[in-house]
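This is the structure I have questions about; it appears just below.
Chain nomenclature is as follows: A, B, C and D, assigned in order of appearance, with residue numbering initiated at 1 for each chain independently.
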């Protein structure tokens, strides 16, 4: 996964992008970069300046002098998720900044193209050179090879050819361009700020609206699935950016896992509050739960794995009390503030001490209690297992693990970097005859009294409905039903590019 | 404030101390150090090796090779709180490691001596040299000048002369020594782990028990007020460390602010769970609160300033519902994980953006609601004010700020680094005729519909009672009633040493 | 300027390249990079791994773990000279590592293409994207667009189209390719080492032979002007690399300034020892000098600006004594070992203290003496002026500055990064009616009793002769006679790319 | 060894000390520190601020902002030589800055005390605490225990009690104090600069005069053996610092090895130019040499190990020609500029590649020649052996190694950090019956055609004579004749403290 950000007509585009990327840090911690468009007085034209590096945004941009160099009027930025292998390379850090026949081009991409291997092959046959292994790089090449004159039309031409998931923020010379695939897999939002003195608009593009909040920017609307939005100097005065549209798809494929886990709770994603959806997940989980109080207590104790499951836990408690299963929310686990990328574990520390370093348990609220522990999802299961072992030290009577989404059974080809199919916990118990047996195996492995996943229907009931769409979400990771053809991958998933 | 840690009879004393200090990181983020006692095969004796530096524990010890050098069998460590001025100096970083007539001595101190200036004057008159401005340094000098032969007796001799607050972890040659002042101002706990093969005990000393949990060490008991505990090789076999006692004080002076804010919620402090006490604070606050639902909602919304006030908020909600003031806990604010010491704010960022960078607001749960916001305390008031401004963006109907402790009106001379009296928010409204007027001024300054502090009695009702003590707590910051004479400071408080 | 290096069939190609680049550090201190070709057991093919960064080789590769990652059997490396402006960008650091239709390609370039702007324009029109502003990038694009199948033929095709100076070290999949322009502007040498056990050859390519010496590699011969040398697995057994030749040029254009200043004295360049040529420069300078002893001393004192002019000074002394102008070499200036890239000058240090920090003067050998100071060249004149001021503090009787090359009057378009024409000292005295007046102006500016430049004829008499060549050297910086058309630059020189 | 520096009445004392220490970098590369005395407007008194760290001066002070903090009117600084073991500790980095009964004290020491162990024992018995293992620390303790009132008298009192070698620069409150032991073992010089506007003097103290040159400060005179010089505000107006004198010693013990190797050639040491003395060493070596030309050449080729032996080589050539042994100086070896502390050798590089990385050989001047190679001294012999191996690659006919000092046979107890007696090359050939046999063994080990050491008499003839002294130099490392009793060391030398 990745976070993308763009700003147009700001006096401090690099600083704005810094704060934007900082807010989107949860979408990618491996690398960060900013490309700024500024007018060069000597060259009498717009030039692009960039800084990129491995690490958190605040690490990559820790030298304040960088911002003196990155002056201009527009910028785009990118956070890259932690990936493995080839993509570790510094040459894969986005945004890419390029020079081509129409001038400067810069691009930042969230998502994953599903026909990039096919396109790369075609392009290299024509003599095209690639600098990185990223799928993103085909887009500027397709644009550069287009016969169109205007960058926005070149990009339209390029995006007609690519398949898969893309939320893009680009700059072409003195224009800012945002685009989203026709399926609408990844979120992308438009923000605006009006200067009261000049009545000029500054525009902002971001993966999530939380990036607008830190800058006191108003959320205008989402970039629509299939939309290519052009922001230029005229737009700042007219307040009317122009749009092109890619051929529409009736079926949409919004990533439902963004609601489950990925997005920040204070963001609005796909036009709805993430926090509210997570609360729905908790409520539906409560309705499906069968755990009964059997300890003579007045209430079941509901705790969450902080911070991503906090809201689901509150929704669970509220609904649970409504349906006469008395429950009480408690902070049984607290996340340690000081754990971070720089945290080292001397002495070849076990995964156990990593879990201990990350979470503090509050014994008093767990001891001798029936605990319902809410988590959003289980991927590999190793952390969950250690966490349960840790909670056991507080001597709870029972631990009932409730997951606010169905079992993850399939890899994602659209940008979420789950491990390969074989590494998913659900696929580790080969002998299982049916789903029930499989879940029982997982329950034993993790070591809890009971294990409950939210049903697919429960999940679908929790998320917003969109009219006039045959289908609104991608649920492939839970169902194996892939809405977009994956030309590149015939069999097992390869390493995720974003 | 500071965190101290000690370990005896471990194969990995530096690593243990690293994790211990990491757990105690909230007690001090400015600097960290570890001194290890190891047996030098060439010199045929115990030698001390050390590493210290400015910054978080994980920053100071980020080079893993350090741990190869810091091998041995015992260690002590120290986290220093962020202070100002002279104490910024690297020569003040503890533990101090010294050579004196009886061999090696190392010392780590949490607390603040109140007659160190007087003692320094006497000592320098005798020809003693000080390396740092720290109050702590008088202790080893008094010990070195003692005529006693055994280090533990030298230390007893020294501690008889000092006044104030001290929780100390020391090493003298191949012994570990822990000590706590007769008033018991700062916490200090003893932990133990038995090797099942050899039946040998490893001993651990820490400011808070959370440092034991990360190492799977069992909490044994607190070091008692006035106790000097000696751990040596014999103790590891007999499981019986020896103790000396300083002349006792009937009146104790446990820092009540440790319960209110400072200690980690998963720690046991002064023999009681911090989390539980904070819940009591919330309950008593609910009983004293006069806010009434007037919005046509079913519930008042209770949110906390995360994470220190979370438990108080839960206690508040529980009690509130009991006394028929329907209330619901919501995560209205979320703390950003990526904010840290390395976080820079380019562009001369305002305090506003600092607050925005630290907290995310969940609009959905705040909008149009009557909010009771729970915070543990207000010191200067600047952050609270910005936070309220931020919450206003979510358009709540009313914000009622409830503080789970009384107004802070006086500086601390025993180790908590409040600002000087003049910088405390409570002392900024000189014209106020009485407390009520003063609180009204604060309310306006912060910008809330109502402001409620927990009463002193409510606070005292929330904390544990200890038998046979004329008084058990220091409440000086709330009352100005200082239990220990402050020989050094006649008037206004000087800069805190720890 | 830059340094290039390549190695084929080594067990430690990254380490070899590190030492090679370290030896070539004088050719470029701004940035360094290494690309390694290694066989990936999982992918069953050769992959390229790289590390690049700003700074000295020893700084960029200071983390020893890098070498664990950079394992393989072949490598190329590049040192970049300190340049200004756009080329500061990290995306310009070579070698470039690329993916194209025939697989992997990596390229390191010393020299400067003179028609790269023209070619870039043509290529971008075809839809080619450029990542950097470097002239070098056109070469891989031309190769990728070639219809040839073999990488070496693609490269031949590309090099037929480029004009200017190029000494190239490239890798294409599992081959190493070296190439030199038909004019032979920049040096490039071939080295070899035979494994006595297997009789397999390891091949080495370097800008200068000093890079072979540090690795105990034997110098075989120069890459010939116009030669494209292919080294592959077969060559390691047959000891016979294959060569293609670009259309030859009768006129050659070896950079004479390599002999004057740039190359390391212990290198063999253009088949001749640099040290020996510099000695000739000193001898010819002695023959042309008119300074006479007039101080009652037995000898004139000859000092050099260390270390580049040491040998010229020794040659001067030797010849001077032969022609009855008694002279003695003295170490009047010593270069400070500790000055380096990391050297800072606090307090907004003047250029004066920079000169003082770099050179130590030995007063005893200069005081009251007639000094002949030998320097290799004067570019801007600011350092020379400060140096003379510094030497004056030793109270010499007279300072006669002798330069072992003619005045630099024109910029270089083939890779030497002189400043623009206007910044050259020789062009600062506009009023000068003739060369004599101009030199008199320079003499006054620098502040010496006399100033003598070696004549162009003296310079040409000092360098080796090559048979069957209409002309063997480029002397454009001294004469303005440019041997290769400069398609890109019509007027004043633009910023140098290498 | 170490370098010390002090400045009084400067507007930029930290910057001055930085440049001073930079000039003295050759005296110590392990660590560096500066303590500044500045007037604190708030506290209405002088306060000391410091910065210290491991590494070269330019590394320790690379953050320019440090100099903003280190403002004041006076400063002292210290460079520490590379030592082993305990002294690696950061707590041993000088200057030491202390607080004692009379206020602030700071001290920087070059030399080594020979009764510090005895004094430490006495002091610890009295209750004194030591922070470091350095011998220097006894001096401030003795001063603090003195009953004198004036710091300068306290220091006098302390220095009466210590034995050994000390050149000290100290600050006591607002005074600068310099002192040198009665034997004058280590150099120490006084410099001055007069402000033409105010006629106020700024004073400078440095180990060597080269530290004055970089600051354009005038050398006034040496601090005399046994002198304690006091500089205060009065001195700046009167231009008359006051002096106390320790009981004089008729015998002096100037370290003769400072002239042979240690001091910088452009310094004046013990009132005489180092460069000139080194030239004398070369001349006397020429007189003692028996090498004869036998190769049919006109001259013997004389090369030096740069840069320390350059002047001796020139002196050798000059004298050699006078006595009809025709010789010519050549730069046969060139020192690499880029070798430095940051230089790493990946791949577990042999000592061979270290030598190759440090020196470049000029084959042309060595091949087929009879080489006389001049070096200043041989300590362990490992570098010399590798260097000879390297030179052999240039195929010289013969290599005659001439050393411009006698064999080092004994350790130094006065501050030069030779290895222990057993590690000295001269003591590795136990079977040798006499000196001649021993030198023959060394010759074979190093691998040269002949090996010649300068005789002791030759050495003594080369250095200045001082009147009215029974003896002027310490030659203990060559003769074992120790002029100052070594109370601490009964047998083999322990690790040098500096």
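Convention: a contact is a pair of C-beta atoms (placed from the backbone, for glycine too) under 8 Å apart; a residue touches a chain by one contact, two chains touch by 3 or more.
Composition by chain, UniProt nomenclature: A, B, C, D = Amidophosphoribosyltransferase.
Keep in mind it's a predicted model, so treat the numbers as computed, not measured.
J.: Compute the centre of every chain as the mean of its C-alpha atoms, then state which one is farthest from the centre of chain D.
T.: With centres defined by C-alpha atoms, farthest from chain D sits A.
J.: So how far apart, in whole Å, are chain A and chain B when each is placed at the average of its C-alpha atoms?
T.: Roughly 37 Å, centre to centre.
J.: Using Cα averages as centroids, what's the distance between chain B and chain C in whole Å?
T.: 61
J.: Just the number, please: Cα centre separation of chain B and chain D in whole Å.
T.: Centre-to-centre distance between chain B and chain D: 49 Å.
J.: Please set out, as single numbers or ranges, the residues of chain D touching at least two other chains.
T.: Counting only residues that touch two or more other chains, chain D contributes none.
J.: Pairs of chains that touch, anyone?
T.: The list of touching pairs comes to A-B, A-C, B-D, C-D.
J.: What residues of chain B sit close enough to touch chain A in their complex?
T.: Going through chain B, the ones touching chain A are 12, 14-15, 18-19, 22, 25-26, 56-59, 61-62, 64, 66-67, 210, 213-214, 216, 264-266, 273, 275-276, 307, 310-311, 314, 318, 328-331, 334-335, 337-338, 340, 342-344, 346-347, 353, 356-357, 360-365, 393.
J.: Tell me, which parts of chain D touch chain B in their complex?
T.: Chain D reaches chain B through residues 50, 52, 89-91, 96-101, 105, 124-125, 127-131, 133, 140-141, 144-146.
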